[in-house]
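Next up: some structures, all given as structure tokens.
In what follows, chain A forms one complex with chain B and a second complex with chain C.
Coming up: the complex of A and B.
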């Protein structure tokens, strides 16, 4: 097989993998704060791309301002989901799959609202920097891929210092280790849960904005990306942000290799088979301890 | 059953029912019968809607055994409906089998698949189980799309013959409704029997606490597998019924939409109750017809209703009726 083609696929795999990783980290942030797996994660990814598009075209905002507003909007929606859907169930000690269903229902509601408020047409955003791709021998690296990888790495570093150095970040980690003990130390556990949803929604929105120029966004694009993000989180060992990022890249690369070797139709089969392999043989993931 | 000491918390799973029926649960059955009766008498479009509702009621009954009685979670039951549906479709069109043997073959395939899948999958718990089953459902969907030589991909298979045994064929709306009603009643009866049998008590013990159940000598993994097999068999049956009633099958039928719809039905009806799947399926199928003018808002209304029910009435309609009977506050 043509080596250039393989390298080209590898690059696109890594860049989409970073996006999966960011979505996967969003799952981890909420899971660590509450033990909840938020199946509405895809909605935030959709809001990121859609809101940026709407703010740019209908309100003529500059790209960067629109993107920041979209991220803030997603954060707000995250807080609303937490307050209106998750909190009442949390207070009633709802079972795990009730929570899954409720967040899935929240996903459908947000999706439909986007459909009603905007429309059902796929939309795309311009690349962040519109310059011809860099040529390295026979392969072309477009700038959007570099933006995706660069922004993702920056976000990971920022998150890392947030969780290690700030009071709030440390409080969130304390809650994830033991919520009751954290509450005894005077940490407002319930506020941390809201904050986790806001943070995770903003991460999802960033992922959505980064990926929209390379693909497209539409009201119903959230679920497939949420599934990929979830797979990334499982591969990495659920609840481990760095693991989710590595898992995302692994998933992106394997998917693009499957497309290259087997055809585009096998993209999802490859991803889901990878998920099952990990669930059956190494459910604790790459970074998890073997139990 | 209500007096026997139980290690599970029966209320949480809606299992401890008095043997005698009371007003509330009877009302649920009467309402269901009235809707089906109306469709039988007046026929037409309503008959089509109710027929779909009954097929869903079959599917949801299977889900109810696995989720309601055994407290496991599967987002992938659509896989077994797809196996049943496609086996029936292929055997009755390409190979010109009669519907009944085709259905039995589908059942066998679904059971074999459920056995092979269930073995590694059911060891998982919580979110992992939910995700693994979801993946299985989605992979089956992808296979239905990609395996074009057998399934004809997105085009689907058409020209599937109607339900029938020998010279009798259920072609008219009323005949189809009658056949489906009989199947639903038989299933409801079977679920009642299962619930009160040794098997049902084992399911209930597993639902309450797997550790406690195994401490009592119950082989937890075996009963989970049995529950999964029953659910898969019922799902396969519903898939076969669907293709014969509609005469057509495509991958879209067994997508994620089917799973979400079925979950809404099982929760609206009441998880773990016998009448729940039927009344849930009927309500969820008929409601969109009531609000037909506002098509764009249908899914929105589904989502909001679902969230409200999960928060404020987690036991569903049949659950509330039972609670009224037991003079407990719902």
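Coming up: the complex of A and C.
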């Protein structure tokens, strides 16, 4: 097999893997704060790309401003999902599977709203830096991949700093470790839950904005990416943000290699086989799950 | 059986009136009355399953309850543990509730969550905790979960003190600890109480608690069955009489 092709696939896998990682981190942030697996995560990815597109084309906003507004909008939708869907069930001590199903219903509602408000056609965004790819021997590295990897690494570092150094970040960690003990310290646990939804929605939107120039966005594109992010989180160790990021890259690389070696039809087969392997042989993931 | 007639009772800072709580159909607390005033250390004693921990959890609003918990002459909200803590009613829970993966310093800082980013005040409170438990100062960077049980309990009490409590509730602080460490922690609680802080101590080891307490409530099947003056309990046999009466 041509080494250049393998390296090219590797770069492509790392790039899309970073996006899976960001989505996976979104799963972890909410899971740690509440124990809920939020299946509305894909909707935030869709909102990121879709809202940026609409704000640029219909409202003529500059790319960066549209992207920032889209991230804020996703954060707002995250807060609404938490307040209207999760909180009423949480306050009633609903069973966890009920809350998880409710987030899946929220995903479908948001999808359909996007379909009604925009349309059903796929849309794309221009690359952030629209110049010819960098050539390294026989390999071409496009600038969008560099944007994806660079932004993802920056986000990981910023998140790490947020959770380690800020008062709110430490409070969120405390809630994830022991919510009752956190409440006994005067930490407003329910506000931390809202914040977790906002943060994870914004992460999903960033992932959506980063990936749309390399692929497309559409009202129904969220679920496949949510599933990939979920697999990334499982591989890394559910609840471990760094694990989700590593898991995302592993997933992206394995998918790319499967496409290269076996054909495009094996992309999902490889992803789900990897998920099964981890569930059978290492259910706590690479870094060990938090619960 | 009540020996309250011989007791001096300070004006209450914490005044629990007719507190009732249920777990499903089981009534775990039945109209409990309890007070703790300035400088008082009151003990809540009783066998396993008497409702001691439930009482503290109900006071904090961690479980649904009926009745009234008055703090400094105002009612505490029924289901708001964070609100109660921010008002100054602070519980060191059974099992300590330490944030194991976080450092000792992070645990202590979270105890002062309510005061925000006031660094000078946080520093002042940290120094107070170091005076109470000098050993904690040496372990600030250590991950709290890697400490011994006794050290964790010191961090738990220290973290509670970081919030500058107006009433301190403790649920079995001696659980699983060596007698020497237990003595150290209880001595500190005695000193805190002597400095004016009302303390409510739930404790299985009744003789230890009675040494410090100015008043003890004996709980059985969710009811206060006796209010004991520790000075009148001369022997273990006499204490046993209260338990079996």
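Note that in this section the second predicted complex is superposed on the first by the 288 of 291 C-alpha atoms of A that agree within 3 Å, B and C clash if a C-alpha of one lies under 4 Å from a C-alpha of the other, contacts with A are read in each partner's own complex, and residues count from 1 in each chain.
We take it that a residue touches a chain if its C-beta (ideal position, glycine included) is under 8 Å from a C-beta of that chain, and two chains touch if they have at least 3 such contacts.
Just so you know, these numbers come straight off a predicted model, no measurement behind them.
A.B. asks: Under the stated touch criterion, which partner chain does A:118 make contact with: chain B (first), chain C (second), both, or neither?
C.D. replies: Touch partners of A:118: none, neither chain B nor chain C.
A.B. asks: Considering only touches as defined above, state whether A:141 meets chain B (first), chain C (second), both or neither.
C.D. replies: Neither partner.
A.B. asks: For A:80, is the partner it touches chain B (first), chain C (second), both, or none of the two (neither)?
C.D. replies: Neither partner.
A.B. asks: For the overlaid complexes, name the partner, chain B or chain C, with more touching residues on chain A.
C.D. replies: B
A.B. asks: Of the two partner chains, chain B (first) and chain C (second), which one does A:265 touch, if any: first, second, both, or neither?
C.D. replies: first
A.B. asks: Using the touch definition from the top, say if A:101 reaches chain B (first), chain C (second), both or neither.
C.D. replies: first
A.B. asks: Go through the superposed model and pick first if A:223 touches only chain B, second if only chain C, both, or neither.
C.D. replies: First partner only.
A.B. asks: Show me the chain A residues, by the header's touch rule, that chain B contacts in one structure and chain C contacts in the other.
C.D. replies: none
A.B. asks: How about chain A: which of its residues touch chain B in the complex?
C.D. replies: Where chain A meets chain B, its residues are 37, 84-85, 88-89, 92, 94, 96-98, 100-102, 104-109, 111-113, 115-116, 223, 227, 230, 234, 238, 265-266, 268-269, 272-273, 275-276, 279-280, 283.
A.B. asks: Across the complex, what residues on chain B touch chain A?
C.D. replies: Going by the criterion above, the answer is residues 67, 73, 120-121, 124, 126-128, 130-132, 134-136, 138-139, 142-143, 145-146, 256, 260, 263, 267, 296-297, 299-300, 302-304, 306-307, 310-311, 314.
A.B. asks: Would you tell me which residues of chain C are touching chain A in their complex?
C.D. replies: 60, 62, 81-83, 85-86, 90-91, 93, 97-102, 106, 109-111, 113-114, 116-117, 159, 163
A.B. asks: Could you pull out which chain A residues touch chain C in their complex?
C.D. replies: It is residues 167, 170-171, 173-174, 177-178, 180-189 of chain A that touch chain C.
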